[in-house]
Structure formats: C-alpha cells, structure tokens
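Heads up, there are several structures right after this.
Heads up, the next two complexes both have subunit A, just with different partners, subunit B and then subunit C.
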Partner chain A sequence: MNPTNPQSPIPNPQSAIRNPQSAIVNPQSVAPWRDRLFPNHEWVLMLVLLFECGIFSLSGDNFLTSANAFEVTRLSVEIGLLALALTPVIITGGIDLSVGSMVGLAAVVLGSLWRDAGLPLPLAAAAALLCGLTGGGLNALVIARLNFPPLIVTLGTFSLFRGIAEGLTRGIENYSGFPPEFLFWGQGHVGGVVPTQLFVLIAAIAGCSWWVHRTTAGRSLYAIGHSAEGARYAGIEVARRLTFVYLLSGLASSLAAVIYVAHLGQAKSDAGTGYELKTGCV
Partner chain B sequence: MKIGRYKREISAALAYAALLALVGLAAPSFFSAANLRDLALNNAPALIVATGMTMVILAGQIDISVGSQFAVCSVAAGWLAKAGVPVPLLLPCGVVIGAAMGAVNGILVSRLRLPSIIVTLAMLVAWRDALRWTTQGAWLQDLPGNFQWFGLGQTAGQWLIVVIALAVVAGFGWTLYNLGAGRAIYAVGSDAEAARLTGIEPPRVVFGVFVLMGALVGLASLLNAVRFSAVPGNAGLGLELKAVAAAVVGGTAITGGRGTLAGTLIGAALLGTVGTALTFLGVNPFWEKAVQGAIILAALVSDAALDRLWIDDFGLRIADCECQMNPTNRKSASERGG
Partner chain C sequence: MNDSALLHAFNITKSYSGVQALKGASFELRAGEVHALIGENGAGKSTLIKIVAGAAQADGGEITLNGRSIAHNSPRLAKSLGVAAIYQQPALFPDLTVAENIALGLEPAGLWRRIDWSERRRRAAELLGLVGARMDIDAYAGDLTMPQQQLVEIARAAGAEAKILIMDEPTASLAEEDAQNLFRVIRRLCAQGAGIIYVSHRLEELAVIADRVTVLRDGCTIETKLMAEVNFGELIQLMVGRELSAVFPKRTVELGGVVLELRRLVCRAAGVSGVSLSLRAGEILGLAGLVGAGRTELAGTIFGLTPPDSGEILLRGMPVRITSPAQAIACGIAYLPEDRLRHGVIPAMPVSANITLASLARLSRFGSMDFRREREIAVDYARRFAIRTPAIFARVSTLSGGNQQKVALSRWLATKPSVLILDEPTQGIDVGAKSEIHALMCDLAAQGAAILMISSELPEILGMSDRIAVMRGRTIGGTLNRSEATQAKILALALGHRN
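Take a look at the complex of A and B:
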C-alpha cells in the first residue's frame, strides 16, 4: 500500500520468530506495562468503549445493569467469533470476505439437513461445521496452493457461498421450529444470567490468543504478514500455515452460524449479510 | 499488436460469447430488442462505477465505499430536485457531490498514506449510516414530474443513459491509453517509486483517481435514480463488490498496473447478463450469485492456466521467463495479481 516505504513497523520479527521465549522474556520485559499488555494502542479503544458506556448509562436508566451487559455480549458472540478467526488471516496480510456468506450457507445447511433430510440436530450441526471447513478449504486451496490474492478469491467465494445458500432455499425457505434444547445454545442462560454462547466465545478467544501469541506456529503468522517470501526462506511452511488460517476462518464462520440459528431460532439464506465488513472493522 | 498481451480480455470475451451462444440456442427470445434494452439499462450504472473502479485498481488502490457514495448521491439529487433545482443541473450537482466524497478518500489515502482498503471501509460505513440517520430509512417520494428520465420521456431517456455509459467507457479507455495522465495511472500502479523517479507525482495521481471515482459514482447514481419515480435510501448496496468483480473478471490485476477498460466492459457485461440468462435457460435466478462467484474463481484459475500456454513477444513462455528470473519465487502468481 505504501511502496516508497517498504519497511513495515513490526518490531524485530526475526528474533521473535526464531526464539519466541526470548521475545517474551528479554526485550519486552523492560517495556512499560501498558506497551506489554496493549502493543498496538488497544487502550485507546478501551477508553472509547468506556466513554461510550458512560454516555449510554447517563442517557438511559437500565443500560448500566449486569443483565444488560450480558445481553450485549450475547449479541456480539457471532461477530466476535468471526472477528477472532479473521485476526490470524489479517495478520498474514490476507483477508476473508466470504465469512458472512459462509454464515448464511452453514445456517441453510443446518436447517435443511435437520428439517428436510431428517437428520438429528447434533449431526446437522456437525455437517454445518464440515461445510464451513470445506468452504475454508476452497479458499485455502486457491489462496495458499495456487497463490492467488485473498481479496479476489474470497470476493469470488463471497458470491459463491451466498449464491448456493440462496439457490438451495430458492430465496424463500426459512427453517424454524427448532427444539428448546438447541435454542438453549443461543437464547439460554447459565446460572440464570450468563448467556450460554458466551462460554463458546471465551473458549475460542482463549484458544486463539494462546495459539497466536504463545506458539511458534502462531507467531510465524506475523512473519508471513511481514514478508511471505522472507518467512519461506526462514523455514516457515507458508502454504501450510495459510491453509490452516483459512480453514479456521471457515470453521469459525460455521460455528457462528450454528449459534446464530440457535439465537434467532430460524435459518435463512440471508443470515450474516454484511458480516464480512463489520468483522473487518472489528 | 501483440495478441498475447490481451489474453485475459480475450478469454473473458470468449466466455461471454459462449454464454450468449448457449442462451441463443436454448432461448432465442433472449435477443429480443426489449430484453437487450433492459439489460443495457440495468447494467449501465454498474458499468460506469466499474470504469472508475478499474482506474482505482490500476493505480494500485481500491475503493469499497462506492456503494455508500452511490446512495448519498442518489438521495442528494432527489433532495435537490424537490428543492427546485432545475433538472439539467442535477447531473453536474451529482458529479460534484460524488467528486467531493472521492476527494475525502483521496486525501486520506494519498496525503496521510493510509491503506485505501481501510479508509474506504470506514467511509463505506460512515456514509451509509449517516444517510440512514438523515433519511430515517424513508424513500424520497413526490419528486417533480420531470425528474424521471430527465423530463425527456422514456425512450429518449433510456437511450441517453446507455449512450452516456458507453461514452464514459470509450472516453476513459482512450484517455488511459493515449494521454500522459492515463499512462501515469499505469505507471503508479506498476511501481510508484519508479514512477516518482520519472517525474510523476504518485500522491497526485492517486488523489485524482479517487476524485474521478467519486465523480463517476455521482454520474452513475443519477443515471440510476432517474429510472424510477422515487429514490430509495438504500441504493447501491453491494455495488463495490460488483464493480471490483467486473474489473477482475475483465482481466485487471488487483495489484495494479495491468488491465484495460475493454476488459472491464466485457466483465461487467458477463456478470450483468448471467442472472437474466439463467432465467431464460429455465434455471432458478436465485443461483445467480453462485454462478457469478464461480465465474470469478474460473477467471482466476484460467488466468494461471493461460500464463503457462501463451508465448510472449520474445518467443518464451511467460511462466518460464519468470522462473528463470527468480527460480525460487513461488509467490510470483499472487504478486502479478493472477
């Protein structure tokens, strides 16, 4: 994007990759706590969020209640899952525009297998996840193996996945009437107040941040984003890492779709419309 | 003329010819004058936006805010018409409003050196939500009677729209190839640093390209709005991806510096015709998006296959050349942009 200045401001990627332990212990332990915890000025975002919450609590009576706080997190689980899976993709310098469409496709697969094919729900949900993996695999194949730009490839699959979802349902089918055991995953509370799907998101956040920040494979993503060619010379299996990243993105999209269906109680081909851009913002 | 240089355009044209032949055999009524006119009318605005998008991509940038700009221009034109601005003045007004929004993108990208995908993503959300807030989602109705078709009547208005769209493609296509300003866009998109050393100012070119993009969006939104008697508040949803797809299917490299408007014309026609063609072939039109996505992927893959087949000017296979220059460079396909 900035050809006159090819040096990107990632601090000292070589040492971070060759020896992740030293990166954690040595250079950063002398940095102030703020830089250690939020290396990319995420604290600015925190301030904005606190400010926004402050405004809303002043202007509305029931904003600043724990029940509302939990309901807000319920709404953000689907977006959060997608944003989480998109983060590794963006770290590698790529993008996945197809996540929103995959939510739609996986939701339709789930709904149609359960209602029309008569599969039990757990099996249908597993099939939806498999569908997400397949779609992610298609992206991964064209991007990582055939070396095409992610923006265009996922623009194609963005259209493809949504089109299949609309074609399968002829744009009119709307699957609903799911049993309460399933809806519990999207509408229920644990201990009377905590939304069920929050646990899914927390587990995913924990797993993802452990993988990205604390494993060699995860840290190698930064090297790929910095320079894919350089990473390859440094012995990183770029194609394999990229494949995994796009598979993960497809899987997270379908997981978000299952929760979306459980949350709204219906599966339609327009599920997740516009999520790709919302997620990119996050 | 070296035909190998236009292999991407040619393969898109062949695909389009195949589609037309298929439809012609299965449903000759597709080629009725009324249907062709409807197709041309429906696709004219998207074609104009794709023209601007091709120039943005040629310069190595991208603009995904065009759909929101399109909506803002449509609604602004509707307001102006209701406020009593004479109809012939609406066209320049729309173009100026669009150019102003394009200038915002242009300043942020060229002066502040922010990545264009992030800037225009922010603008996509900002313009769309600002508009939603102002209009409260309502459609603009009770427009003056002469707003529709610019007061020219339906037949003349339809001709005007199609002629303007084709004139825009032809005019910019000529400019890109024959004027210094057009060549500068290719130069900046190929290698901004090299362009700078030859005396081109890349920031100015990038700024200019975004302003042009906005102006063309303003024009396209007007040509779209006058077809109806009311202005919807949500016009242009998904237009950005349509425009990028048309450029890419027509052979424009997403990394900049390579592509032609002739290719974009073919790409826009191919993607714009598929939906109607499916209906004529008796396929449920809800498969349209799936087929469009498949076309985009097929364009990419055939591109890679073509690279291995075609012989370049020096009698060498292009793929071989690149291997010799950089034997370990497996990323070359993606850097060329497919």
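Take a look at the complex of A and C:
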C-alpha cells in the first residue's frame, strides 16, 4: 500500500511545522458577512416578517402608513426594553422570569409614592427604578452568590414581585390622573409623528448592543454562557458579571414600567402580566 | 480471512465535506486479542472507529462483523452485533447513579415497564465485580473520578456482552496504578473471548498490553505488526513517515532567582496539606505522583480556584493573597488545566476568542474591545505554534486535540505569565504535537519562565524536568534532581516505599 498520495487533500502535518506560515489562513479573513450578521439564520424570520407585512398591506387600508408604523413601535417599546434586559441574561445561559412581575411592582411603587405618599413624580419614578434594582439585586444575590439555578430563583421572584404588587394595592387600586408632562413620555410625539419613548428604546438598544458585542465585558458574558466553569478557569469573575446582568435586568424592567405607566396613564398591579414569555420570545 | 476474526474491515474510504479522512484503511480484529490502532491525530483513527461502531457510514470498502457482512452500519446494528465503544471522555449521565448508568441500554425499554430496583442494583454490582471495580453503585456518576467512570463504562459494555470493545485513549487520564488495574480488566475480557481495539498515543503501554499493532497514516493503513516484533523507533517512524527523535528537546538553562515559593500551603476544601516548594526562573519543575495524590488540587490552590486556608504563597519573595483566578492572573500566574474541553478551552467559541479570553483587559480601549488587536494576537499565536485551524474564527471544537491544547496554551502565554502551571500538558495528543509542545516549554523556560509541570507520564517527567517533586498523600513526598531521578525512584516516592 502506498502511504504517500501526492493528491492528498489533507496537508501533511509535518510540512506545517517546518513552514508555520502554511498553517493558518490569511489573517485578514473574517467570517462571511451573512454569518456575522445572522449567526443563527435569523434572516429566515426577517423574510417571514416581510412576507407578513406584505399580506397586511394588501388586505388592510391603514397598514402601510407611517402613523401605523410608529404606533406599532410605541407598543413595542416596553417589550423591547425587557427583551434588551433579558439579552445579557440569556447570553450568560440564564433566564429572568421575573421581569414581567417587576413591571407590575415598579408601576405600583411609582403610582402609590406619587399619589398616596405625595412624592414629586421624578422622585417617584426614581424610586421605581430603585425598586427594580433591588429586585434585580435579590435575583443576583441568590443566583450569582448562592449558586441557585436562575429558572427556579426567578420563578420564585416572579410570584414574589407580583404578590407584593397585589398586596400593596389589594389588587384593586388603580393609580391614574398623571400630569401631561409625564404622559408625554408614553403618549407624546416628537416632531409630530415619532413616539417619545422610541428614543429611549433606541438609546437602550445602542447601549446594550455596544456593551454586549463590542466590549470585553460582553465577550466574557458569552464565555460564561458557553461554559461558566471554563470562564472561571480563564480568570473571568463569573459571580460579578452575573450580578451585574441581573441588576441590569431589574433596572430595565422598572424603566419599562415607568414608560408603560406613562403610555397607558394608569398604574395597576397586573401591569406587565405575561411579558416574561413574550420578551423571552423576542 | 482468518476464521477467528471478529471484525474485518477492508479498504474503507470516507470523506467529510471534501476532506478524505480515510483513503483505504484495513483492519482485522481476532477474538482474544488486544489490537492497538495508532497514528498521529488526523490519521483517521477516530473515523475508522466511528465506522466500526456505526456512528459514521463508510463511503466504500467492506466491513464484516462477527462473520456477517455489513452493508449499512448503524449504532444499533453494531451494538446488536456486540460492538461497544468507550471514548476518551466518559459518556455517563452525571446526575444518574452508577447502577442507573449501567442499566441504561441493558435493560429492556418500555414506556410502562416497572423498574426492578433490587435486580438493577444486583446486576450493576455483579458487572462491576466482573471488571474488578469496587465502588458505591448508588453514587452519582458525576461524583466519580475519571478512572471510576471508565470502569462503569466497561462494566456496561461487559453487561451488553460486547465481543468487540473499542477503547479510545483509555489511560489518557489515568495514573500508573489505575492503568495497571485497567490492563487487568482488559486481559480478563480478552480471556473471555472479546477482542479489543485499543487506541493510544502512549507507546510504552502498548508494549505491555497490545498483541498486535496497526499503524494508520493519512487515512491509509501503513502496516500491521506483532507488538513483540517492533520497537518504538520503528513505530514512530511508521506513524510520522520520517525519523523523529524520541528524545526530549531539553536544554540547559541558566536558572534565575526564586519566582514562586510555597510555605506550608494548606487548603482543606481541596485537600492540600502543608506543601512547601520553590520554583526558580527558567526552571521546569516536574510534579509527579499518582492520581489523587493532590497535584491538580495543589495547582488549583495556587491559582485561586480553591484559595488556601493557611500557609503562604510568595512571588519573588513578596507574600501574595490569591483568592480567585483573576487575581492569580494579575500576579502573573497561569494555569493550563488538565481537563482540556471543560476548563482549558471553551469549545463552542472561536479560536481567536479562546486565545484572548484570559487577557481581555489588555484588549480594552476605554471599555471598547480592540478587535483588530485581538485578531493580530490570535494570528500571531496561531502562526508561532502552527495551530492547524481552517480560520481563526473557527470554533475550537472543530480542531484536533493537539491543536486545541495549543490554543489553550496560547491563551496563557498571551497573559505574559512569569509562572506557568501546566497540568498534563500533552495528555491525549499526538506525537508530533507533543514534541512541539515540549519544544515550546523549553523555549519558555529559556526566556525565564518558571514552569511547574504536572504529568502522569514518567518519561515526560524525566525528560523535561530540571527537578522533580513527587506528591503523595496530598503533600510533597520528596524531591529529586534531574541527575539522580529514575522511574523507580519516582515510583518509590509516589508509593511511599523507603529505600
């Protein structure tokens, strides 16, 4: 049997050692653009969405108008914020089921502090955000420091946050009558057509995608998601990163709550019900 | 064709997306023999094994299993004909017990079948007894050591009455003693009429266990020989197709000052009790000992994975407190872990990201990541170490073991360490990559790095070390100089024999 085949597509391993240049491809090469932009074939979803839009534009009269487009985006800001908050969490291989409940709790905190405690609205909104941070901190503590599985922990806080919200309002309180300058954040337009909160979402998307894709911290999140053990052996401070990620998720949920209240003009304990699954899908 | 042949594979070809992995490999296995299959990584051993086990389909050639000609092999068919494979990484379910793992695939399946727990446990104990293993059958598989997990797999194969047992690098993570035990089990199975296909990079052990040896190179069978009739030099030459000195590329290096010093280091959680050591710049200190002697645990304690309870770590004479790997890295300590796929690399991430993972802080510009710099670093290491990868953004999981190890090592060199702890640096990688890594270690030492090398392979310890520390019972049992060290002396220290 002839061991050496000149046509061999497998390069002789030894030649690579003698001539290391042949071992590696052109340094300028990067992944094909489609794989970089859509690493998981998301372009299929884009196609489906475009197809859907096409059908609706043909069947409805008011679908393909800029007013409708902006109205749709207004509705998607709260969901979008939660989805953004969940993105880093999911990258690390975790989940935060409590985001929807946090929307309810933060909304109620905002409403009750403003109406019942008589706090100025900006202060009440700040308190709502603080509430989000606290809730996120609770998740972070149990998940990152005590090493409980995120699914179990946030399923617990999912009930806890909603429960506190129901308890505070006895399930009946509905705070409304917010001043117009607050409602502007949820109902107003900039330049006549663009919904105000769209700017919040755009800023959040820009910040989040920069952080996740273009910073060393974002890279370490991916490492944790692929292998938390492996990341730890590479010197990544896993607990610290996870803590930050869950804090951020709580904060973003409460921000979504503030916009939600400004959007609907009312704060009830059932705000954000079912959002945890919707955002998970987004 | 021999009548007692359990397996006959003739002129097998196989290509994966255009790459010809096998170009006409032939292999024959007789009942009662241990038939070694050797070759460099990429020679086609894994592919041939997969085809025999039914995990892959051959493109061409003939396979006869137990006298039956196989047109389309499948894992199910292969299993029913008595083929069992035990891969390098044990494939047990970590959250099931030993007994449950053994029962999987052995007991008849059925949606409503009731489990006879006492029968299951009895059968598991019986099979473990058959392979000479003693362990708690109610322990979770994930809590077992590597050698124990392997024995569970062998017990399962014995339970399936496997006639053809494929073992891929079974001793890669075993210490001498466990390997000897494994060999006893193998001989017992052979005596019962099984044939064993034994894949290994360790030529020394083939001389002990194998009856025949088949060498693969570039997808072709080069030669099959009786083990008693060949020497190592010949085998190595057949594998690489050239002369390769089996000599270690050890160089004499002018030793510098003491870089790392341990004083009575204790970590109760990891089981390190009172270790004192010193390591000088340019020195390679070999850390020998049996598996379980506490070598990996000591490395974990120095590296901050399991911070010490008492004792001191001194770097260039200054005491340091290391409580996390991040701090260890900041102190200039690097640790190449034993378990390459779990700890050494992140297989699902690209080569470039793996290389820079431990030195991300160096790539940060105002919080933003310098991607151009990352690519430069990755390409630099890939070139310097001849990492054979289709591209630097290819996932590490697509690389061969030796190249994965080079990626893992690159990651640590990118942190510019002054102390390098290498835990089984050449475990399960082919001869070529192995000597490359050895040469690299010598270069690093010559540049002034202090290297602590843990290895279960005595020739490697003897060939590479300036000094050898032997661990026994979680502390240092003794230290030997390069000139005085022999295999016998190391083993005596590891086992605690006096003389």
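Operating definition for what follows: the second predicted complex is superposed on the first by the 252 of 282 C-alpha atoms of A that agree within 3 Å, B and C clash if a C-alpha of one lies under 4 Å from a C-alpha of the other, contacts with A are read in each partner's own complex, and residues count from 1 in each chain.
FYI, a residue touches a chain if its C-beta (ideal position, glycine included) is under 8 Å from a C-beta of that chain, and two chains touch if they have at least 3 such contacts.
Worth saying up front: this structure is predicted, and the values here are computed from it rather than measured.
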Touching partner for A:232 - first (subunit B), second (subunit C), both, neither: both
Partner chain(s) touched by A:142 [first = subunit B, second = subunit C, both, neither]: first
First (subunit B), second (subunit C), both or neither touched by A:109: neither
Touching partner for A:163 - first (subunit B), second (subunit C), both, neither: first
Contacts of A:124 with subunit B and subunit C, given as first, second, both or neither: neither
Partner chain in contact with A:151 - subunit B first, subunit C second, else both or neither: first
Which of subunit B and subunit C A:216 touches, first, second, both or neither: second
Broader residue contact with subunit A after superposition on the shared chain, subunit B or subunit C: C
Interface residues of subunit A shared between complexes with subunit B and subunit C: 1-4, 229, 232
Interfacial residue positions of subunit A with respect to subunit C in the complex: 1-5, 8-14, 16-17, 20-21, 23-25, 27, 29-31, 210, 214-220, 222-223, 226-227, 229-237
Interface residues, subunit C side, partner subunit A - complex: 18-21, 23-24, 40-42, 217-222, 240-242, 305, 324-326, 328-329, 335, 337, 342-349, 353, 357-358, 360-361, 363-364, 367-369, 371, 375-376, 379, 382-393, 411, 415, 432, 436
Touch list for subunit B against partner subunit A, complex: 60, 62, 64, 113, 115-117, 121-122, 124-125, 191-193, 196, 202, 241, 244-245, 248, 254-255, 284, 286-294, 296-297, 300-301, 304, 329-334, 337-338
Subunit B partner contacts - residues on subunit A that touch it in the complex: 1-4, 95, 97, 142, 146-149, 151-153, 155-164, 166-167, 169-171, 228-229, 232, 277, 280-281
